[in-house]
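Sending over a structure as C-alpha cells; questions will come in a sec.
Chains: A, B, C and D, in written order; residue numbering restarts at 1 for each.
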Amino acid sequence: MKKIEKKLLFKMLRIRNIEQAIADNYKFQKMRCPVHLSIGQEAPAVGIMENLRKNDKIVTAHRSHAHYLAKGGNLNSMIAELHGKSSGCAKGKGGSMHLIDLEAGVSAAVPIVGSTIPIGVGISWNMKLRKMKNIVVIFFGDGATEEGVFLESLDFASLHSLPVLFVCENNHFSVYSPLSNRQSKKRDIIKIAKAIGISGSKIHGNDVLSIYKKSKKIINNIKRNTKPHILLLDTFRHLEHCGPNNDNHLNYRSKNYIRKWLDNCPIQNLKKKLLRNKFVTHAQIKNYENKISNEIKFAFKYANISKFPEKKYLLKNIYA
Amino acid sequence: MKKIEKKLLFKMLRIRNIEQAIADNYKFQKMRCPVHLSIGQEAPAVGIMENLRKNDKIVTAHRSHAHYLAKGGNLNSMIAELHGKSSGCAKGKGGSMHLIDLEAGVSAAVPIVGSTIPIGVGISWNMKLRKMKNIVVIFFGDGATEEGVFLESLDFASLHSLPVLFVCENNHFSVYSPLSNRQSKKRDIIKIAKAIGISGSKIHGNDVLSIYKKSKKIINNIKRNTKPHILLLDTFRHLEHCGPNNDNHLNYRSKNYIRKWLDNCPIQNLKKKLLRNKFVTHAQIKNYENKISNEIKFAFKYANISKFPEKKYLLKNIYA
Amino acid sequence: MLEKRIITFANAINEGLEQIMQKDKNVIVMGLGVDDPGGVFGTTKDLIKKFPKDRVFDMPTSENAFTGFAIGLAISGKKPIISHQRVEFSLLSMEQIINQASKWFYMSGGKVPVPMVIRLIVGRGWGQGPQHSQSLEVLFSHIPGLKVVCPATPFEAKGMLIESIKDKNPVIFFEHRWLHLTKGYVPKKMYSIPLNGPRLMKKGGDITIISFSYMLIECLTVSKILSDNNIKAEVMNINVLNPLNIKKINNSVRKTKKVIIVDNGWKNYGIGSEIFTRLFENFKKNKIICERMGIANSPIPSTISLSKFSYPTKFSIIKKIEQIFKKKIIIKKKYFSKIPSDQPDKNFLGPF
Amino acid sequence: MLEKRIITFANAINEGLEQIMQKDKNVIVMGLGVDDPGGVFGTTKDLIKKFPKDRVFDMPTSENAFTGFAIGLAISGKKPIISHQRVEFSLLSMEQIINQASKWFYMSGGKVPVPMVIRLIVGRGWGQGPQHSQSLEVLFSHIPGLKVVCPATPFEAKGMLIESIKDKNPVIFFEHRWLHLTKGYVPKKMYSIPLNGPRLMKKGGDITIISFSYMLIECLTVSKILSDNNIKAEVMNINVLNPLNIKKINNSVRKTKKVIIVDNGWKNYGIGSEIFTRLFENFKKNKIICERMGIANSPIPSTISLSKFSYPTKFSIIKKIEQIFKKKIIIKKKYFSKIPSDQPDKNFLGPF
C-alpha cells in the first residue's frame, strides 16, 4: 500500500503543480483560451485512472486537465495546445477545451455540458460489440446530470449492459449556481441510476485512496460482467469556474463551505498522512516537486518555441 | 358510486364510438391526415378527467383524441379539424395531431414525442406563480419517457414543486417497438421519479373506476400541497399505431398478449359489471349509444358542410 | 438489349444498405424501427433477418443521445447509419450534429474522422402538418464539416448512399418520403456515385432548371412540357448541397443564360439563395436571368386546401418560365393529373 | 446642448430588462446564471436585487426543457426572456424553437401566440474555439414564425430588446459578445425601436455597405476609411433578419449601384446569400455590383494564428472594395491597431 499511496500523492502533486503553473503564467497572455482548472479536484482523476489500462478510454468535459494528465496524456502537447501552437494535441485548433491524446486513451473533451456522455457510451458500446475487455470512463460535473442526454445515456448503457463507468464529480456548483438553484434536495443520482438498472456508489471525492480502492473493485466488476456503474464524488474547486484566479470575494460560496473544503484538500491530507507514517519524507517530496518543476519548465519552453500553425491550416481538416 | 360508474362507462363509450366512427369513415379519404386512435386506451383519459375542473389544463401528444374528448373538447371542431375545414379547432391548419380547445382546457397536442412535457410543466409553473389552485395533467406514452426532456421536466417540477400530474400511458409499444428493445427490464419510472423527489403510483390502466378513485385523491393532494405526482398506467391499443386498421397480422405483438388485453377491455369490463349489478340496463346503453350516434352523425355532417379555408389563410397567422 | 432493372427508391436504399453491410462489417444500422415490420418505409426491411442482431439496432426515442452514441461508434472504428423517419426528430440532436460531429475532425487537428450517415426523411402530403413536413436542408448545408446529400432517383439513392457510407465524414442524407415510392433503373451490383456535385439529368440549351430531391421530379415533368413547346431545358440535379460544387452549373448557365432554381424547402434563406448568389457572382459580365422558387413562407398546414399552395408545382413553375421567355406555354391534357395534391400517386393514402 | 448619456451595450440590455420588468409584471427573466454575480456578462446584473425572486430564475443546464417551460409560460400569459451564454447551447433546444415556438400561433389557427424572447450570445475571440464562437443566425432566420433580431449598438440593444418583449411572437435576439463592451448613446427613459427593418447608419451615395451585429462595427470603421479616400459609403444595418425587409436597402442600392454585404456568420448559405439574391431579384434591369463576405468556411479554430483569418476585417473588406472601385484605398496609420485580433479591446482578456 505504501508504494501506491506515494504514487497517488505524487500524481496529484504533479497535476496540482501543472495547473498552478498554468494559473501563474496565464497573465502573460500567451495561453489565449479559456481554462477551467482542476485544482482541488485531483483525487477522482488520479484515484480512478490508476486502475485503468492504456486501452481503457476516457471522455471528459471542459474541466479536463486533471483527467487528461492522470490518464497519461502528453504534457508538452497539452501546454502547446493551450498556447495555440501546431505542436499542440489538437494542433492549436482546439485549445484547452478540446484536449485529446489517442495513444493515452483520452478520446475526447468538449465544453458543451453533457455532450461527451453519449459519445463515451458509444465508444463503450463499440468495445462490447468488439468483445474487448476494456471500459470507458465518462467524467462529468453535477451540472451535466441536468441535461436530458444524461438520462438517455444511462438508459441505453443499462439496456445494452455496456462496460462504462459514469463518474460525476460533484463540486456543488455549475459556474456560480449552487445545487439548490438547480436540483431538488431530494434528488439522488445514484437512486436515479438504480431505478434505471445501474448500480452506483458514493465515495468521498477528496479521498484518493478510497477512490482508488473502491474504483478498483468497481472497474474489475465492470470488466468482468460488462455492466455499467455510476460513481458520485463530492469535491471542491479551489479557483474560479473559468480562469486562473480565486473568486471567493464574490461570495457565491459561503466562507464556511470554503474553509471546510480547503481544510480537506486531497493533497494536503494525503501528504500529512504519509509524512506522519513516514511513508514519504519531506526531501522526497521536494525532490519530486523539483522534477515536476523541470518537466513543467520544459513544457512551457516547448510550447513557446513551437510554431503557430500557418494560415493554410485554417481550411485544412474540415473534411477527412 | 352507481352514478359515477355509469357516467364513466358512458364517457368511455362515447369516445370509443367516436373513434370507431373515425376509423370507419377513414376510407372515404376525407380525413386526410394521420390519425392515432385511442381505442382501448379510454380509461386513463376518462378516469382522470372526471376529477378535473374546466380551469385545470391538459397537454397531450399524437394519441390525443380520448384526452381531448374526455376533457370536454368540442366534438364538431375536432371532426372538422380532421377534415381540414376552417371550422376545425385549429382552422384546418393542425389536423388530428394538433387538437386544441382552450375553453375546455385542452392546451396542446403535438406529434413530436415528449415535446409537450416541458410545455405542460411551464403552464403549471405559471399556475403556481399566479397562485392559482389548478393543475396541469400531462399525458404521454411509454416511448416519451425515453426522451431526455422527460427527466429535465421531472427535475424542474420537483425543484419548484409544481402542481402537475404526469400521466404515462404504457401500452408497451412505441409504434412497432416493444419495451424490451428500448428500456432495461429493471427500469422503473416511478422509482426514477421518486429519486428526483416526485411521488408516483401505478394503477391498472384499464380499470377506469380505480383510476378515477385514486386519481381523485392524487389530484386533491396536488392541489392542496402544490406538488407534482406521476401516474403509470398499463394499457393496450386495439388498432395499429397510426391509421384506422387492425395490424395484428404483422405479429409484432404476440397473440397471447393481444388476447389477454382484449379480454381486459376497459369498456366491456365495466359494462358487464354494471349490467350484472343492474346499475345500468341494456336499454339504457342502447339509448345512450343512439344519442352518441346522432352526435357523431351531426359532427361528420358539420365537417362535411363546413368550408375549406381559402387560399389567403395560407399566409395568415404566421405572426401574431 | 436487356430490359433494365426497375425498382423503387426505397428498395434501392434497402439494397444499398444490404450490400454495403455485406461488404463492410463495421457498418451498423440504427434508428427507431429499423428492425420492425415497417422497416423505415421499407428501406431497412429484412435487414434484421439477414444480419446478426448486433448490426441492426432499434433505438429508444432518445434522438440526442443516440446521435452521440453513433459519434462514439464512428470515432472508434464503426460506420453507423442513423435514420430519422422525419427530419423534425433530428432537431433534438442538433447539438451533437452541429457542435460535435461536424467539427470533430477539425478540432482534433485532423486526428479523428467521424464516418457516419444520418438519414433524414422529409415528409409531405396527407395532412402531415406543420411538424411533419419541413425540409430544412439549409440548416445542415450551412455547417462546414457536414456533407449534405439529396438523391432524387433510385439510381442515385443507392449509389450515393453507398458512397456516403464509404465517406469518412458525417453525411446528412436526405430522403424525400415521396421519392421512396418512385421507380427507376438501379443496377443490381454494388456501385457508388461520387459526392462531387450536380448531375446533369437532361441536356438542353434554352434554359437551365436547377433543383433537388422531390422537386427535381416536378422539374423533369416541367422539362417535358417545355419540350412540347420547343423549349429545350437543361435539368441539373444538385444532389450534393454541401460542399456545393457549382462548376457544372456554371457551364450550363453560360450556355443558356436563363435559370430557374426550384428549392425543395422554404425559399427564404434557402438553398436557392446560395445557388442564385453563386451564379451572379460567377456571371458578373454576361447578363443572366434567374428566377427562384420554393415553399411558401409559412409552416405547412395540414389541410389540403392550403397545403396545395405551399409547394411549387409544374404549373407554377411553368408560369415562372413563361415570364422568363415572355411567351405562353401550352400544357397538354395528360399533365393535368386527377390525383389530389397531397398524394404523389393513387396508392399513397397515408396515414403517414 | 446636454452631454449625451453614454453607456455600454451590456448596460443598455440591463436597463432595458429592468424597465420592461418594472412596466410589465408578466415579464420573467430566466436562464443559466441570470441571478449570479456575473449576471450574463452584466446584462442581468442586480435584477435579482430589484425584483422578487419569482421573476428572475436561474435554470438547471436543461436547455431543451426550459425552452419548453418558457413556451408553456408564454402561451399561458407570461412573457419569458431566456438567455443562453453561447448560441451553441440553444442547439439543444432547436426542437422546441423550430417545431413548437415558431409554429404555435399558426398551427393553433391563430388562437395562441407565443410571446417570448430567446437571447443568444455569439462568442468570439480569446480562443473560444469551434464550439463557442459560431454565429448561426441563418438557422433561425430560415424559419417562418420566428423573428430574428440583431442589434449592433447600445441604442438598438435597449430599444429592440424592449420591442422584442412587447412583441407577441417568439423573438430570437442575437447579442454579440464583443458588442457587450461597446459604448454609445442610450436614452434613460424606456423606448422601443420597431422591428421593421434595416436602419440607416450613415448616409452616402457611392457604395452601400450592408452588415449586422458585430460586423457592422467593422463596417462603420471601413466607412470612415472610405471617407478619408473620398468615397461616401452608405451603411445599412440589417438589424432584423426575419422577417427581412429589403425596401430601404433597395432605395440605397438604387442610388449607389454598388453593394458589399458583410455577413456576421459563415458565408455559405448565409444571411448574405439571401440579401444578395433579393437585391438581384429587385435590380433585374439596372446593373449593380455586389460583393459578399463572411466567416471563412471552417469551424473557428482556437489559436489566434488561424482565427485571425476566419473573420472579415476592415482590411479584407477594404480590399474587396478596392476591387469594386478598381482603385487603391489608403488606410491611415491610426486604423492599424496594436490590439491582437482575438481581443476587441485591451480590457477583454477572456477567459471567456
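The rule is simple: a contact is a pair of C-beta atoms (placed from the backbone, for glycine too) under 8 Å apart; a residue touches a chain by one contact, two chains touch by 3 or more.
Remember, it's a predicted structure, so these values are computed and weren't measured experimentally.
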Co-neighbours of chain C and chain B - touch as defined: A, D
Centroid distance [mean C-alpha coordinates] between chain D and chain C, Å: 32
Where chain B and chain D are represented by their mean Cα positions, the distance between them in whole Å: 42
Between chain A and chain B, centroid-to-centroid distance (C-alpha), Å: 46
Chain A: positions in contact with at least two other chains: 88, 90, 92-94, 98, 110, 112, 146-149, 152, 155, 159, 182-183, 318
Numbers and ranges of chain C residues touching at least 2 other chains: 60, 62, 64-65, 88, 92, 95, 99, 106-107, 129-131, 144-145, 297-299, 301
Chain-level touch network, classified as line, ring, star, complete or other: complete
Interface residues, chain B side, partner chain C - complex: 26, 29, 32-35, 84-85, 88, 90, 92-98, 110-114, 143-144, 146-148, 174-177, 181-183, 242-244, 250-252, 308-311, 313-315, 318
For the chain D and chain C complex, residues of the former touching the latter: 64, 88, 91-92, 94-95, 98-99, 102-103, 106-107, 129-131, 134, 136, 138-139, 141-145, 242, 244, 265-266, 268-274, 276-277, 280-281, 284, 289-290, 292, 297-299, 301
Of chain C, residues touching chain B in the complex: 32-33, 35-38, 58-65, 88-89, 92, 126-132, 296-299, 301-306, 309-310, 340, 342, 349-352
Of all residues in chain A, those that touch chain C in their complex: 57, 88-94, 98, 100, 102, 107-108, 110, 112, 115-127, 129-130, 148-149, 152-153, 155-156, 159, 316-320
Of all residues in chain C, those that touch chain A in their complex: 28, 54, 60, 62, 64-78, 95-96, 99-100, 105-115, 144-145, 147, 168-169, 243
